[in-house]
Amino acid sequence: MSEQLVEKLVHWRRDFHQFPEVGFLEMRTASIVATILDELGFELQMGREVMSEAECMGKPSAEVTKEHYLWALENGANKNYMEHFSDGYTGIVATLDTKKPGPTIAFRFDMDALEINESSLDSHYPMKEGFKSQLPYRMHACGHDAHTSIGLGLATLIAENKDHLSGKIKLIFQPAEEGTRGAKSMTEAKVVDDVDYFIASHIGTGVPHHHFVAANNGFLATTKQNISFSGVASHAGGRPEEGKNALLAAAAAALNIHAISRHSDGVTRINVGELHAGTGRNIIADQADLKVETRGENSSVNEYVKQQVKQIVAGAAQMYGVDYHMETVGEAISCISSNELANVLHECAEAKSLFQASTVEVNAAAGSEDATYFMKRVQDNGGLATYCIFGTELAAGHHNEKFDIDENTLLPAVELLYASILSLEKHAQMV
Amino acid sequence: MSEQLVEKLVHWRRDFHQFPEVGFLEMRTASIVATILDELGFELQMGREVMSEAECMGKPSAEVTKEHYLWALENGANKNYMEHFSDGYTGIVATLDTKKPGPTIAFRFDMDALEINESSLDSHYPMKEGFKSQLPYRMHACGHDAHTSIGLGLATLIAENKDHLSGKIKLIFQPAEEGTRGAKSMTEAKVVDDVDYFIASHIGTGVPHHHFVAANNGFLATTKQNISFSGVASHAGGRPEEGKNALLAAAAAALNIHAISRHSDGVTRINVGELHAGTGRNIIADQADLKVETRGENSSVNEYVKQQVKQIVAGAAQMYGVDYHMETVGEAISCISSNELANVLHECAEAKSLFQASTVEVNAAAGSEDATYFMKRVQDNGGLATYCIFGTELAAGHHNEKFDIDENTLLPAVELLYASILSLEKHAQMV
Amino acid sequence: MSEQLVEKLVHWRRDFHQFPEVGFLEMRTASIVATILDELGFELQMGREVMSEAECMGKPSAEVTKEHYLWALENGANKNYMEHFSDGYTGIVATLDTKKPGPTIAFRFDMDALEINESSLDSHYPMKEGFKSQLPYRMHACGHDAHTSIGLGLATLIAENKDHLSGKIKLIFQPAEEGTRGAKSMTEAKVVDDVDYFIASHIGTGVPHHHFVAANNGFLATTKQNISFSGVASHAGGRPEEGKNALLAAAAAALNIHAISRHSDGVTRINVGELHAGTGRNIIADQADLKVETRGENSSVNEYVKQQVKQIVAGAAQMYGVDYHMETVGEAISCISSNELANVLHECAEAKSLFQASTVEVNAAAGSEDATYFMKRVQDNGGLATYCIFGTELAAGHHNEKFDIDENTLLPAVELLYASILSLEKHAQMV
Amino acid sequence: MSEQLVEKLVHWRRDFHQFPEVGFLEMRTASIVATILDELGFELQMGREVMSEAECMGKPSAEVTKEHYLWALENGANKNYMEHFSDGYTGIVATLDTKKPGPTIAFRFDMDALEINESSLDSHYPMKEGFKSQLPYRMHACGHDAHTSIGLGLATLIAENKDHLSGKIKLIFQPAEEGTRGAKSMTEAKVVDDVDYFIASHIGTGVPHHHFVAANNGFLATTKQNISFSGVASHAGGRPEEGKNALLAAAAAALNIHAISRHSDGVTRINVGELHAGTGRNIIADQADLKVETRGENSSVNEYVKQQVKQIVAGAAQMYGVDYHMETVGEAISCISSNELANVLHECAEAKSLFQASTVEVNAAAGSEDATYFMKRVQDNGGLATYCIFGTELAAGHHNEKFDIDENTLLPAVELLYASILSLEKHAQMV
């Protein structure tokens, strides 16, 4: 049976890998996920049912979404489910209610790819094996293809063993984790409000092959903002005083944003990663656009930086008499895994010998994750939540064009998550 | 008679030179001027009678004013007139009304000194002749001692010849020309509202010895502003995020003020001449003060720059969440001398051979003068106004610690101004 | 005969208008110009013979040049002359040496178009008459099509009357006047070193229809620079300290460049018109590019600003530990037309009644022209040079997508220039 | 005997409190310390013997030093020792060599006061008890008067018990701890090169009364720098282009220094605490001075920031064509207390019941201390070092004008340090 499952896991993963879809456009992926889960007997909630429209951040334009929809239809999407996803609300919650008393356990899997051009070197495994991305500048370079595949594998085991299970199991397939854009929307749609145990997971991230980390802490709270300044163009030689200079407003904003004070409550990060302004050498620039990212050791520190950014942008606009617009296109909070839940997973990992080594907790900083929204909501409601890592051999770092995982990690990941269900049912009884 | 007058002129000038008083503190000077004019039979208006309190700019504090008052009393001020000047309103308008029909002619003389430490080198003429400033960091380094003396000389000639004159003559002794702070206040007090011909004059300014310029145009409009930012101090190591950084607000303001756009209607000048911020290395600075000066080829161009400064200061304050305060401590407008009046003076100069050479008009830019307020008011009312220069041999440039004029310029200056009265009486009849 | 010439002028102009070529790519245009001049009996120097390679500024890449070459061959270029122009050296000097004693007189005509998308409104004359640009984002929106046509018209008259002429006549067809990129290259190739009288001309520029200006002064010296900063990218969350931030270097440069001091010798202009930096929100930007333009009332004032820009760019690079590169992609000096020559043209215009009105000199500031290089070289060698304007009815301002001239201006322009030759032959004898 | 010692401790402390001397000027204090230690039989090394001249940072000028020397002589300094201290090298190392085998144990006491105006409210204990500072703007507001007193108390106990001791004991009296200026100089003079156990101590710092902390970790590495820019003054209206603007260089430096990147290896702090530039509104500022402070979680992070500051200052100077000068006027490294030594002290504290509570280690961040130089040198040589805290009731925070300690803390502090000597002699035997 395991061999059959491995075959499926690899098949799914390679299929998703060939058709990578970026955040809020995971239509083909979602339609395939839905098809399989439907067949396995899960109850499905899809699209706007599980996503708050107002809380989607950095969603592509209607035009881009429409275009991708047509692409998906021509590239293997299952038409039957596409009505749910066609507007770019691509989340799915698949529930198995055993109707027997027991806890509600939820798992989060993210599905989106990146705007990276995958390597076509022969040494790159997906190239060699013929499952390289079919699209330029689209690539599963962070392992979400594997995550989705693990989710489907877990669903398979659950479906096969449903008579031995109790309580309720929810599998959450989330769009747009990259840029931390999708989780808040699903959290606000209350998809984890009834959850007792919540487990998010990730493959790789530097954890060695065959190693397991039950609680990966240290995610930074983060906010991604697009900022634009709109002024008035004017001929720089003829009528310079008639211009309202958006370029200088942006330059002043960029410098002063980087000069935001450190915070004594925790580390911060600030980056104006892009600045594009002006359309001609001899024209006072009337438009400037910035892409900004802030991070904080905890949500309140990040919030401090965010407020300072706001103040600086308003001030820079005022300085140059230009208008400004700020849009939050991604956001994640900080959250610490529940130690009690991490211990349950750690014990599963050690008991089953699914991994060579298991660690209860690791503090790996500097990255951000929006699974933290789910986690905090569950914890706020009295549940337990953790973020675990399946170590794997990486061909290259995450977000690298040569990124690749070891597919041997897929099965133990599925088996550990399945085992955790059994352990948590027991844990629930003991509490 | 001329010899006697020269003696007086030199005496007065040297007396004022020894007791230099800065803007709005010309109490000793004014009391002596008042004494002499009173004796000569002029009708006097003094202090608040000829100065709008609200329009005085950059006036010293009450404390400083009080202190200087006591100093003046102990250093030769005439107690009898001091009640008019004790609060720092040191302007005088001396009127001779001939009661005969004729034009109203006004002359402006400024009285204030500078905060400069006069040279005590033996080669410096006032040092050698024993009339060097008796006060450290106070010096008549711009010739206003000569101007006041010329005004008194003119008053003397007028008084001696009053039976031959017609119309009305007004001698305006203005405080605080330095920093362009005093003229607006007298203009707003309507002291030139009845004037047909207005003549301001200056000694030196680079015009060669024995030369006369009937109309010195090209004064730049200007605004002098004191700007302060007030934030919140905080320990830079312990609680940096609690500070509101006035130093950075000021630095951002200074840079962006200098980056204000050029104007296609005329030249501009911008200078943040001083910036003082902070009280300790390890404290977030909660206070910052700037001294700013803007200029424009005309008043509207200067107004443009001034508005930009305002916008930038408000924006810088907003950036750092600090409060700000802006105070205009000096201002002058632009104004072009009336060509018709300049020609009258030029003809006087040529006819009388008081000078070796006379020029109708010179365009010497980059400086500013608040006599322009008087000039514009007179012109707006249909009168004529000009700003003339008495060339002299300068020992060093204006505002230099070794500045000195040639006292031989005093008499011809007085005689020319007196001659102009006679010419203008004729001119008025011809119009 | 005039009617025939008008027909030709209009034909040429409309042909060039339909096939607009931007700076250093005027291959089709130049090959047609060469064909006609060759037929008319002029001696031709072409391409590198009349252009210093080292002094070409802002020349397109070899790739773009090659591509355009192929386009030109397919769109009416005369293959026989293309070897001269194929590398983008598209200048032509056509000389008629009468072998009779007399002055050397030169005329400058520029040939390049702009990257503007021509209007396709029916109200737009070229659209209505069917000679609109055949290329998107390429348009003769500054009248250089007319200039080239006038040059050919002048050549026609010269050829027809060559037996009545003496001295030498040089017709200079210049590439890349837009961006002030081409004239210096021809000047340095010494094409005007033997010239006694030099006449550059322009159509339009706000001068009314049927009016002529013999000397258009006030061109600002200018420098166009591309500036780039190259740093080191790094993950803004994970390893911010490893980045060398090109975006902040560029922002600091932009602000401080705008803060360059005014100059007391004349007006200046400064603009950072474009700033593009960074490739990702969460990456320290390793690349930033700026397009900068400076101007000065005279070459020395512009040189001052240029030096300051250089200093600031070097300083900004040092601040952030990044490399920088500066390239001058356009430059023009200031030059005042020779009044003596302007008077000759003015008298021609008045004598022949070719225009309703003629003005000797106009001071229209704020624009720049690289014909000044030719002018200054001629003047430095003891010759006379002027820049004259043929007023015309403009449908819209220069560089506007609806720009159009009145073709009735073409003939009088040609006739005036021809008449000036005769006058200048006489003038040369009188000197 | 304890009572007598308490009396002495209080007497010394109050005497020092009345005559506070700031860094490198502790002449009176040092001469009194020397007198007492000499009487107690310690071998003394003083002044340049124990301080490397080259490593003194932020030392007052010779003039200020001379002036203070005269003051000290008139205010109770012991003339006999003043030759050692008259040039401002005020350090003392007092050694008791028992000539018996045993470890070398060193204690550091700092002696300097602050430029703070002590409160004269009756509620302020030193005021009420009549031992308030006799000098305006000089105050022991950080407890170094108590430290010096504790050092003398410890010396007294050592002298009284010297026959029971073995090894060598060194008492280090350090100047200029404030601003972290003096310790490096003594370390470089090798005063701790032979030390096996090193104990620095501080009173207060927020630790509760009667509590003891054996190892206070978390001191930030820090650098204090004075930075000046020197340009060229020029009249802002007349010749702005001739100025080289030090004010703008300073403003650009300040902004960009604050924008220095965060470091992923640890927290940083940056502050431009003071900026003073310019001498007149209408003069391009030719001088600007900044006071800057950087900190880092460890020395290498602080070094990173310091290098960035250097780069930015050089770049800002280059931008404006001005000269610059940077001087390090204070510096401290980071260092972690030796846990083994901390445990010995902790056990002493608990065994003797000298304090109500004792903690082995506390991590109190954000401050800096130059005792870290001594600590690191000792640890580098294989010895143990710690920094301990004697908790006390504070009337107000450190560096506050109402700061005061509870004098009841003096005796237990002395007794604990003395007890540690006995424990360390034993510890040395066990190792």
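Here the chain labels run A, B, C and D in written order, and each chain numbers its own residues starting at 1.
As a working rule, a residue touches a chain if its C-beta (ideal position, glycine included) is under 8 Å from a C-beta of that chain, and two chains touch if they have at least 3 such contacts.
Keep in mind that this is a model prediction, so the values were computed, not measured.
Engineer: If every chain is reduced to the average of its C-alpha atoms, which one ends up farthest from chain A?
Structural biologist: B
Engineer: Looking at A-B and B-C, which one has the bigger number of contacting C-beta pairs?
Structural biologist: Between the chain pairs A-B and B-C, A-B carries more contacts.
Engineer: Averaging only over C-alpha atoms, locate the centres of chain B and chain C and give their separation in whole Å.
Structural biologist: Inter-chain centre distance comes to 50 Å.
Engineer: Provide the C-alpha centroid distance between chain A and chain B, rounded to the nearest whole angstrom.
Structural biologist: For chain A versus chain B, the centre distance works out to 69 Å.
Engineer: Which positions in chain A touch two or more other chains at once?
Structural biologist: 238, 240, 245, 248, 252, 255-256, 258-259, 261-262, 264, 269-270, 284, 366 - these are the residues of chain A that touch more than one other chain.
Engineer: Please output the residues of chain C touching chain B within their complex, sorted ascending.
Structural biologist: Against chain B, the touching part of chain C is residues 255-256, 258-259, 261-262, 264, 267-270, 365-366.
Engineer: Touching residues of chain C toward chain D in the complex: what are they?
Structural biologist: Answer in residue numbers: 238-241, 243, 245, 248, 252, 256, 259, 261-265, 284, 304, 311-312, 314-321.
Engineer: Which chain B residues qualify as touching chain D in the complex?
Structural biologist: 179, 220, 222, 224, 235-240, 245, 247-248, 250-252, 254-255, 258, 269-285, 288, 291-293, 295, 366-368
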